Amino acid sequence: MNISVVRVPAASPSDIGSLRAYIEEGRIHPSQVIAVLGKTEGNGCVNDFTRGYAVQSLRGFFAGLIGAEAADRISFIMSGGTEGVLAPHFTVISRSETSETATASIGSKSLAVGVAHTRRFLPEELGRSAQIVEVSAAVSRAMAEARIEAAADVHFVQIKCPLLTDTDMANARARGAEVAVDDTYKSMGYSRGASALGAAVALGEIDLAEISDEDVCQSWDKYSEVASTSSGSELDYCEVIVFGNSAQASGDLYMSHGVMADAIDAKPLLAMLADNPGAEVVQVLAKAEADPTGLVRGRRHTMLNDSDINHTRHARAAVGAVLASIVGDPMIYVSGGAEHQGPAGGGPVAVIFRRANA
Amino acid sequence: MNISVVRVPAASPSDIGSLRAYIEEGRIHPSQVIAVLGKTEGNGCVNDFTRGYAVQSLRGFFAGLIGAEAADRISFIMSGGTEGVLAPHFTVISRSETSETATASIGSKSLAVGVAHTRRFLPEELGRSAQIVEVSAAVSRAMAEARIEAAADVHFVQIKCPLLTDTDMANARARGAEVAVDDTYKSMGYSRGASALGAAVALGEIDLAEISDEDVCQSWDKYSEVASTSSGSELDYCEVIVFGNSAQASGDLYMSHGVMADAIDAKPLLAMLADNPGAEVVQVLAKAEADPTGLVRGRRHTMLNDSDINHTRHARAAVGAVLASIVGDPMIYVSGGAEHQGPAGGGPVAVIFRRANA
Amino acid sequence: MNISVVRVPAASPSDIGSLRAYIEEGRIHPSQVIAVLGKTEGNGCVNDFTRGYAVQSLRGFFAGLIGAEAADRISFIMSGGTEGVLAPHFTVISRSETSETATASIGSKSLAVGVAHTRRFLPEELGRSAQIVEVSAAVSRAMAEARIEAAADVHFVQIKCPLLTDTDMANARARGAEVAVDDTYKSMGYSRGASALGAAVALGEIDLAEISDEDVCQSWDKYSEVASTSSGSELDYCEVIVFGNSAQASGDLYMSHGVMADAIDAKPLLAMLADNPGAEVVQVLAKAEADPTGLVRGRRHTMLNDSDINHTRHARAAVGAVLASIVGDPMIYVSGGAEHQGPAGGGPVAVIFRRANA
Amino acid sequence: MNISVVRVPAASPSDIGSLRAYIEEGRIHPSQVIAVLGKTEGNGCVNDFTRGYAVQSLRGFFAGLIGAEAADRISFIMSGGTEGVLAPHFTVISRSETSETATASIGSKSLAVGVAHTRRFLPEELGRSAQIVEVSAAVSRAMAEARIEAAADVHFVQIKCPLLTDTDMANARARGAEVAVDDTYKSMGYSRGASALGAAVALGEIDLAEISDEDVCQSWDKYSEVASTSSGSELDYCEVIVFGNSAQASGDLYMSHGVMADAIDAKPLLAMLADNPGAEVVQVLAKAEADPTGLVRGRRHTMLNDSDINHTRHARAAVGAVLASIVGDPMIYVSGGAEHQGPAGGGPVAVIFRRANA
């Protein structure tokens, strides 16, 4: 397996101009694309239609190139919100099976990516154990598909998950079922949180027996170091992409990760850069959230009390700028709402590197 | 002259609880206070009433301690907007005249601060030469008051300036006068820009003969490296505070500055920290703006096309997080709208240091 | 008792220019003022500081005229949010005791106003029975003070109530107490809802025995037809103003009310105007909210899914415009968040009339 | 000619579920559709991608039914912003040629609709005489196509017009040409204004000789009573749809219009309802704007000073609620930005009626 990762700038949610150019230049082969991870310029909250617009545009574009059925097999995961310096873009992930021996030096592992998805969820299952269990199983399947053997080799688990719309809640109520949270915006957090706990279970970070419905968005000490979850109204199941290193993968890319303790914690990214001298940074992937204590380094922040701008928007702007400043590039993937993704107020940060002498 | 700088957290625009405590503890002497530079948690735009609310609260508090007349002599300069991690707070600047010899080692200069204000402006003077000329004169007066001899010793010039309200524009029109710009929000930029150009003229960074009305918010290559200007509806003249180093000042504080080339340029602050080993960072003061080219490091940003969140809010969130990350403290002064304050897309950053062995 | 009601325009939250002029013209006598009901131009949500700014400005102004102690006895109730056409203003309510016989024709009742307040609440009491019981008692006391004998004569009960800040919630948790809702913005609704239920109990609209903690913000069929509640962070108890008609009051003002079934229900106000031919409309007081079903007249509205603009803002804009259109005046009191104030999606609307031949 | 007008609710910008159902039920015949006028739930400003998303979704849907070429001939005109009670929906306009004699009683006229478009514009032509002249000619052509003989029979002219992008402005400058306004957001208003003046010229409301470039967005007393213009970056020419009554049209629909003097002027719509007793309201079409004087009925509004919510959003919420209240239906077409469309602060309002005994 050989994974390629190419970042493509987007002039709007529907812009496939650069993508088309990259394909024409041979940098991306449409039939090898397995996933597109995007940052779109909406509010990243409930009424962010830029995510769906981008997915519709991309799927339509790929369908014209490789057929509708093949296009439907590509995972399109869009995260809304490019606050501050963040640049809208698509990260195109391609996978090819090579008969040739791995080009990497013996013993080293290369970037491997696997995808999977859960079954559809009923509204009342979201943000609860059912979602945790199903996501955990999907993460394991994606790891197997990626031929990543050890949980320690997993460096980023991107999960797109549903939210509860007003209609969903009405439907549940009509059947006498109770949903986990009766607020559309808040349901995004519960869905992200349960998905992250599912990843944590799959990777052995938490024991399934130790988690109950009550822990979701409550027990902040239970989290995954590598989960990155993002909710949207455009799907009713979870899509999972596992990124990691595998001895069965070849190629010049590999991955690493760290955990930011808070929104201005530069250390994990600086440490990864220091530990990988000469390696090219292909992409940075991170999660951001407003510290639920209302404090960052003991200072009061106003993100949670701001009724004009949602806290996830503030958090993306802050974390995005910190990381962009370190790598000198604002076209990175920073997604908001890090419930159970890293410690409260902090979040995972991962880097896809290209080997120094590749 | 001895300058003290104390940062005071604020739980709301009207919160003087911490300020009272600091005074009771003897850390601040009300009669020595010459200026309070605040960050308040409004939107930093036209309808940001947190600035006026804070000024009213602070002035009332000081009036109760030192009398209304003395309180009126304090410069209260509030900058709205604590997006991202930025913490609302007040920077209280006090000045005492000491008969004792400067405690600093011979030959060194210490922090000196001077204040001045212009006459009131007519609406049609804002954003034009009249404002540039008056501000320039006020900056010179504040320098003299601070006993700063050379322009090179000036490290930060904070200017609070008016904006054009609908009423102002109607008044001007009624007199047959035309204003520089007929949009309230845009007038904030013009007023900030003209104020900054005034500082640049006073400090010899630009020759007054080289500037005309047309340059304001147009000729971005004309700027001051140390101006920080902020507009609000709560005054109709400009208030100027000059910060710099003076041989005639004593005390353990001193100042330095750099210029950020763009919103994620960490180098100037990192360089100042490296150049002043062991010195304590007492406060960081900086300006932020959305790059008018629509790009940061060649990547598209969406700040200027966002009709939900004003670009100054995005810019403060980004620059605030970058600088807070470097000094490990989000209670810093980052103000938005850097027209003619540093290069386009960038801005001045200054640090007040406490000498290492003080 | 003689009640006067005067509307005063405000150019900003701190503008007391028109108020001063009205006092100088003798239209308002500062020593007779018992309450000021204001609409200020903030977002009406958590970080709306225009309410506190207006109260600070008004209290300071009155303190200069009648002394701080007398000024403190005035009820200042500010409702944030003047979306759409709504005009920022203060409704100044004065009460004088007249020895003369009522000027109204025998048998008729005139406007009477009474004020009262509850004790302070612990964070964990907000949005629950404790608040309902205390508010109910305060409403009864205010009725007695207003000398309004029958509940049917009460036409508007304005209540200002607290919300839960992050600090409040932390304090409660530290004591092992659990709050009704752990979200600052949502706590505003719970506090408004419990206050409204308190008024309903006092007025016999609901039996106290029929209400439990679970009903708050849940059982939408339980409501008061005349309650108007508004929450803010500037107090930790409830302030109650009861408006109604009393045979023991004289004067040319009197009141009426109706209940809007939804945000575009013009009938109640049109009916009141038709029923009171020739009478002058002195002020309209109403509550607005986004229909929790997500529908208005069977059509989908987007207020509850809008992450850029809070639903209370949408609702005020809509209801304010409908009522302003009917009376031909946008300087009316329309407040958002009508939990248990009228039916779900609707709300109370009251009119203060001046008798036709007065 | 027989025109049918069917309103279709939309659950999201990409929702074509109801449209599909209506087609399956035979209420809409895809091959007869000439235009779709939509209200989508974005912010209606620069970064409103719901318009493009809806057009992409609708065009794709129709292409699947009638082929891409035929779908491209349909005019898709989307107006963003469903603030307050407004319901997202599509108004589908179909035209069929019938050999049968008009079903309407002799002498009466029925709804007729014609479409036309201008040539492409150079950037420097936008917002100026060239645009006025070309739009005027296109309106005349669309009238002819609709077989509407007299200007008095035209009741609504919907025009979609270009705006100036950064690229457009750069292109113009490169050729030494100067554009009317150098701000993307402001160019929307200039283009809307010039388009409306073009309609006014075509309909004899203004003499072409009396208009110059300087009048655009300046001389507010020059306006069309029936123009409704909307700008977007998706075209570089103007698309015109003329609605009116024609003796050569058959069918049970007909049209009427009025002019709102301000945002709360209910009279024109009430008058139309009174003048057409028994007729069914099929659709209401109106324009909304914040009064540029800052006043409505002498009361201050805060729409123009609000840096959190754009004034067009406030205006749509207000006007939408007023009109929805009158007709008892929030699924109406209210679009923002009424430059030269009705008097300053007001705007056109038109009604499509179905004959009482049809």
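Note that the chains take the letters A, B, C and D in the order they are written out, and that residue 1 is the start of every chain.
Everything below uses one rule, namely that a residue touches a chain if its C-beta (ideal position, glycine included) is under 8 Å from a C-beta of that chain, and two chains touch if they have at least 3 such contacts.
Since we're looking at a predicted model, the values are computed, not measured.
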To get from chain A to chain C along touching chains, fewest steps?
1
Distance between chain centroids, defined by C-alpha means - chain B, chain D (Å)
46
So the centre of each chain is just the mean of its C-alpha atoms; given that, what is the distance between chain A and chain D in Å?
41
In chain B, which residues are in touch with two or more of the other chains?
11, 41, 43, 47, 167, 302, 305-306, 308
Building nodes from the protein chains and edges from chain pairs that touch, which of line, ring, star, complete or other describes the result?
complete
Quick one: which bits of chain D touch chain C in the complex? Just the residue numbers, please.
9, 11, 41, 43, 82-89, 263-266, 296-297, 299-303, 305-306, 308-309, 313-315, 317-322, 324-326, 328-331
In the complex with chain C, residue positions of chain B that touch it:
11-14, 41-42, 47, 49-50, 52-53, 56-57, 60, 167, 233, 308
Under the touch definition given earlier, write down the residues of chain A that touch chain C in their complex.
43, 45-48, 165-167, 170, 183-186, 294, 302, 304-308, 310
